[in-house]
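Two complexes, one shared chain (chain A), two partners (chain B, chain C).
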Partner chain A sequence: MARFVLNRALKAVLTIWIAITATFFLLRLLPGDPTTLMVEGDMTPEMRAALLKTYGLDQPLLEQYVSYLRELLHGNFGISFRQIQPVTDILLDRLPWTLLLAGVAFLLTIAVGIPIGVYAAAHRGRWPDKLLQGFGIGGHALFVPSVAMLLLVYLGAKLGWFPIGGAIDPDTRGAAAYLSLAHHLVLPVASLVLVQLGPYALTLRTNLIDVLGEDYIRAARARGLSGRRRLWKHALRNAILPALTLMGLQLGTLVGGAVLTETVFAYPGVGRLIYEAVGQRDYPVLQGAFIMLAITVVVANALTDLLYAVLNPRIRL
Partner chain B sequence: MSSPLVTDPAAAAVPVQEVGPGTRSAWRTFLRQPSGLLAALVLVVMVLLAVFAPLIADEPGGTGADVLRAPSGGHWFGTDDLGQDIFAQVVWGTRTSLLIGVAASLIAIVLGTAIGLASAYFRRVDAIGTVVTDVMLALPTLPLMIMLAAIVSPSVWTLTVIIGVFAWPEVARLIRSQGLVVSAMPYIDGARVLGASGWRIVTREIMPAVVPLIVVSVLLTASRAVISEAGLSFLGLGDPDAWSWGRILLNAQRSGVVAIAWWQTLFPSLAILLLVLAATVAGMRFNDIRDPRRNGG
Partner chain C sequence: MSKSINGRARRWRAAVALGAAAALGLSGCGLNEDNGASGDGAAGDTVLRIGTTTDVSNFNPLQSLSKTDSWILNAMYPHLLRIDANAKKAPELAKDYTYENDGKTAVFHLRDDFTWTDGKPVVADDVKFSAESIMKYKLGNVAAKLTWVTSIEAPDATTVKFNLSQPYAPFAEGVGFWMSVVPKHVFEGAGDLSKFANDSNWVGAGPFVLESATKGQRYVMKRNDKYPLAPGGKPAVSKVEYRLYPDVNTMMLALRNGDIDLMGTPVPASAAKTFESDSKIKMTKVGALGFAHLTYNMNNKDLAKQEVRQALSMAIDTKSIISSVLQGDAQQMSGPISPIFADYDNTEIQPYPFDPAGAKAKLTAAGYKDGNGDGLFDGLELGVACDQSNANITRVVQLFRESAAKAGIKLENECVERNTFLSRTKDGKYDIDASQWGVFDNPMDQLRSTYLSSNPGGINYNLLKSPEIDQLINDAAGTTDPAAFATKIKNIDKVVHEQAYLTPLYVENFQFAYNASKFGGFEASPSDLLGMVTAYSLAQVKPVG
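Let's turn to the complex of A and B:
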């Protein structure tokens, strides 16, 4: 067990380190001078030199890299160009919202996707299955902001069922605050789930159909177990683990979708921060946001793998 | 961003078939299916719109007198808050979306095929290639592309390169898994015994066997690239001199007319949906023809 955990943790750290290193060098080797992005209008050579010195950009590349890594290890993501405050503080303000949004969407996709996938597998070739196949293929073509705007216009603006922006009503307290939180979460989460659900349930259905062809299912049938029991107790148990891994692999896409959803609904997470930072060309914030999201995704992925190992009886830890 | 794919429709690598149906009959099979024909038609119409955009509509720009008009005979898709014609914007946006989609997908295919094939045949390359592919697949691509696009000034070509460079891992994984199957076949051993070099085996013996898969990948990668381009443009990282579907949506978002002018968000959204759906369906149908055992499955 300890060995497995250690291995997986090492792999996660390695991935994060590669991401940090690659972005560091990419950003510095790309054409474009960051100082020109910081000051509007003309800049004297002295001003430019002073700015470069302030941000340590006059040092040799390798030294910059080492000190950048050292600072990162201490949780320092640098200083924002526009809002003169540490990027770490800005990010930590926003990250919980993105975690909430993406986390709820993640769990909901699994919770809704599994029954849909099982139902379609059980009715293979009939209309529920055909419907899922259409939804599964069509899901690839859904553009997150389009879905988000559609929900915002109809369920938010026209019908007024849900708030059209923000994450919480600041005037609420106690239970009302939680209710307001959940109320604001509905449309952003729905946009993400709608986009992910079809392809996810379709893959699940295909996995399940493969499992249903295996010998132990035939044996169960020979023993006289009912179709429903074979499906829900025997087949699902083996299909549910790949379903978890599958969703783990989707985390990167889910986070990308969250960036777009948050932008549409003015949801105060890291994604909306990225949108604002793009407008201001605030690149320490962009770099910090990417690294923060990368760490989130890699850690969540590692946790998914661990859960898989714990739940899978074939792996004895 | 990679599109919200849970699985690549072609990712389930299937054993290579010995001799596929001839190219001509493959095309006939493809077009005989209603979904294949429809997908091909949509793609052809899109290409025609892109090529002949200047003949169909004037390039949108400036301000017009008719502000925020609903769709009508004069303005098929309505107008935006500056009085520009949305139909013209969508038609001109087709150019950017298709161009970036196709060009980025070509970059991704070349990189992905090279890395995937090399990984499939050379053990040492595989060790590094797999690690790099896994790392790239594990990272959230959209924030990464956003960061790079914000640093270099966004233009059609920089966007193409950025999207292409981050879309190859899916292709590499697909090609590698298929390439591994081919590498293990007796005729590859035969070529080696006859003294063929590694380069020759990869390019002359293994590559032809994965060509149908490459065709499928082009379509699927292009559809992902179109979604990525729309995402970047929607976040304000599009080429400021070129119309794009994402930019129309961004304009609606910025001018705060999303709730009023439904036409400004509906039509570019439909365009994205249609193009990506057509490319995906075409890719899947092509995949079915490549492997007859999957037909009707």
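Let's turn to the complex of A and C:
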């Protein structure tokens, strides 16, 4: 197990380094630089040169890269071009909100997805199963901002059940603040869960149906085990493994979806920060945000692998 | 066995609970900071809540270039001049200005009743310090407007003299409008101002000063109780709270829902009708300080010919574009100066008529041929570049492509992502540029920026090198007599029109929506940069009832 963990940890570090390198060079491959957007300001070539020097963009690309890696190893993500503040501070301000949003959506998808998948598998071919199949396929076609806007218009504006954007009411404290936080979280989380839930439950249902046809399940039935026990204890443990992998992968989608969800719901997370920083070509903020999100996803995937290994000892071999 | 299952279930439930608690705990940090930071909502406060689209990216007013930053920063830091509803410069911190020494010295006379929120008076030394810092550190877009300054004097507390290397007629207007005045006693201790974030303990002299900033959520400003331009010497609104809505549709819902009282950003023309049925929402319409246009790259062998540029100007149906793309909410332009600057707009100029047949005849006369009879001139194929995030301009390009084909001109749609577009136009890698100028506060700056061959500003997208135009612009720039200056501008207007260096299209109207059942008294100014959220406008706002 120790070798397995070490192997996974090394892979995670390598993945993060690739993400850092790709982010660094891809951003600089984009046409224009942070000064491109300042054309309306009647910028002189001298002013542009001074700005590029301030940003460190007058150095050769490789030099910029080495210097960036060196700073990263010291835990320094750099200074935002536009906000003139350490990127670490900016990100730490926003990351908890994205973790909260994506984390709650992630847990809710699992918590609701498992019973739905199991129920559909147990009622294969009947209407709940057909409904799930439609929902699952539809989920693939749903676009997060469209779902978000629909929820906002009907449940927020028309019915007035939920607030229009934001993360919390400004003048609340204590328990009221947590209630306000949860109230503001409902629609953004619902948007993400609605898009993720169908495909997740459908995958679980398909795996479960396959497993229910295995010999050991038939043997369990011959031994007189109840249908409920066969389903929840014996079949689900094996069927959940591919679904677990899918959730690990979907975490990346969840974080990506948060960029759009946070924009529609005016939610103050990293996603919205990225949206704003792209428009401003604020390289340090973009790099920091992508790296932090990459680390989050890589760590979550590594944990998924470990969980997978705990549930299925064969893969440790 | 069942005991073991129950044990696992308990562990699973505990893990879920722990995860949720950790997530809530993490956010709890932000939650507490947020609550601690914003102190609004106290009894007796009259809070005006305004929707904005992005966070303040830079609190240093000498350096910030963002439109949405300026909404907040301009309410804190005074300017010498402001723009009124008719796009004319009006006094703000400066009572007036004059030119001396044959136009080589611009003198501002300041009011003596502006005070910083820490109690110190706003004096000429603050203005001198602000301008000198901008020049020293090459800050923001004002540095280019101070190019001609050789020295600055503050002979007394209310007089500032800018000595110029040469007369430049719109110098005072440009610097007066664009330059923020900062408190010298606060900023001088900050060291290198290009690295000064100015993100706390704000001291301002505008009608409001920032009290708290919660990134990603809200910015709360409190009233300056000594603001001389507000009726009665202090704003009627005790607090202004900017709330963030990156998506304009969400912002519109928030206004309808009563979460905000004013949209800082204009309502899209296509969505304006949705407010018509809401009796409490009122709309105010203002013109733009920029305009949509087609600009031709003079380095292209075809576009270097006057006949081709004129033919292109005759191959675009601006009137139908205004009615279909902008739902009629725009004014057609004739010459290159926006009609909003009535003193400088040459009204004798008529727009090129939409006449594809006439355009075709003009090109035939210029020697272009349609050898294969496909209806298009051989070898006359041009690309039209635009920023695809601008939905209106993208649609204009589609319509232009269709109408130009009727005149025998093949156009390719080359609309791309904004930064790519800006990068291409700056590098001259385009044939025709379809875009919209943001803000020009005076025609002289516009003409210098866009046509002067030696212009250091770098938005001469035509890549024009015309000694005639250079001479006309330089001559007008040194003319400080207002009437003679206007005449010379009108003449340049005429030459640019005849040469068809660009095809001006339209001046868009902007509509701003606010909750009229709660607030009134806004003083709207042209453009989406200013709109309803200028310092002057916010100082005039009154609660209704």
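In this text, the second predicted complex is superposed on the first by the 297 of 317 C-alpha atoms of A that agree within 3 Å, B and C clash if a C-alpha of one lies under 4 Å from a C-alpha of the other, contacts with A are read in each partner's own complex, and residues count from 1 in each chain.
Keep this in mind: a residue touches a chain if its C-beta (ideal position, glycine included) is under 8 Å from a C-beta of that chain, and two chains touch if they have at least 3 such contacts.
Model, not experiment: these values are computed from the prediction.
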So, after the overlay on chain A, do chain B and chain C clash or fit? They clash
Taking the superposition on A as described, I'd like to know which of chain B and chain C A:286 touches: first, second, both or neither. first
Once chain A of both complexes is superposed, is A:257 in touch with chain B (first), chain C (second), both, or neither?
first
Review point. Of the two partner chains, chain B (first) and chain C (second), which one does A:131 touch, if any: first, second, both, or neither?
Key: neither
- Which of the two partners, first being chain B and second being chain C, lies in contact with A:141: first, second, both, or neither? first
| message | With both complexes superposed on chain A, which partner does A:272 reach: first (chain B), second (chain C), both or neither? | response | second
Touching A:82, do we find chain B (first), chain C (second), both, or neither? second
Considering only the touch criterion stated at the top, classify A:157 as touching first (chain B), second (chain C), both, or neither. both
Contact-wise, after the overlay, does A:170 reach chain B, chain C, both or neither (first, second, both, neither)? second
Query: After lining up the shared chain so the two structures overlap, which partner does A:100 touch, if you call chain B first and chain C second: first, second, both or neither?
result: second
The only stretch of chain C that collides with chain B once the two complexes are overlaid, out of 271-279, 289-297 or 307-315, is 271-279
Check: chain A residues flagged as touching chain B and also chain C 30-32, 149, 152-153, 156-157, 164, 263-264, 275, 279, 281
Residue set of chain B touching chain A in the complex reads 1-7, 9, 12, 134-135, 137-144, 146-148, 150-153, 223, 227, 230-231, 234-237, 246, 249, 252-253, 258-259, 262, 265, 268-269, 272-274, 276-277, 280-281, 284
Per the touch rule, the chain A residues reaching chain B in their complex are 14-15, 18-19, 23, 26-27, 30-32, 34, 137-146, 149-150, 152-153, 156-158, 164, 195-196, 199-200, 202-203, 206, 246, 249-253, 255-257, 259-260, 263-264, 274-275, 277-279, 281, 283, 286-287, 289-290, 293-294, 297-298, 301
Within their complex, chain A touches chain C through residues 30-32, 36-48, 50-51, 54, 82-85, 90, 93-97, 99-100, 103-104, 107, 111, 149, 152-153, 156-157, 160, 163-168, 170-173, 177-178, 181, 233, 263-269, 272-273, 275-276, 279-282
Note: in the complex, chain C contacts chain A through residues 5, 16, 19-20, 23-24, 26-31, 34-35, 38, 40-41, 54-55, 57-58, 60, 63, 65-66, 138, 140-141, 143-145, 147, 194-197, 199, 214-218, 241, 243-247, 249-250, 253-254, 256-257, 259, 418-420, 422-424, 426, 437-439, 445, 449, 456-459
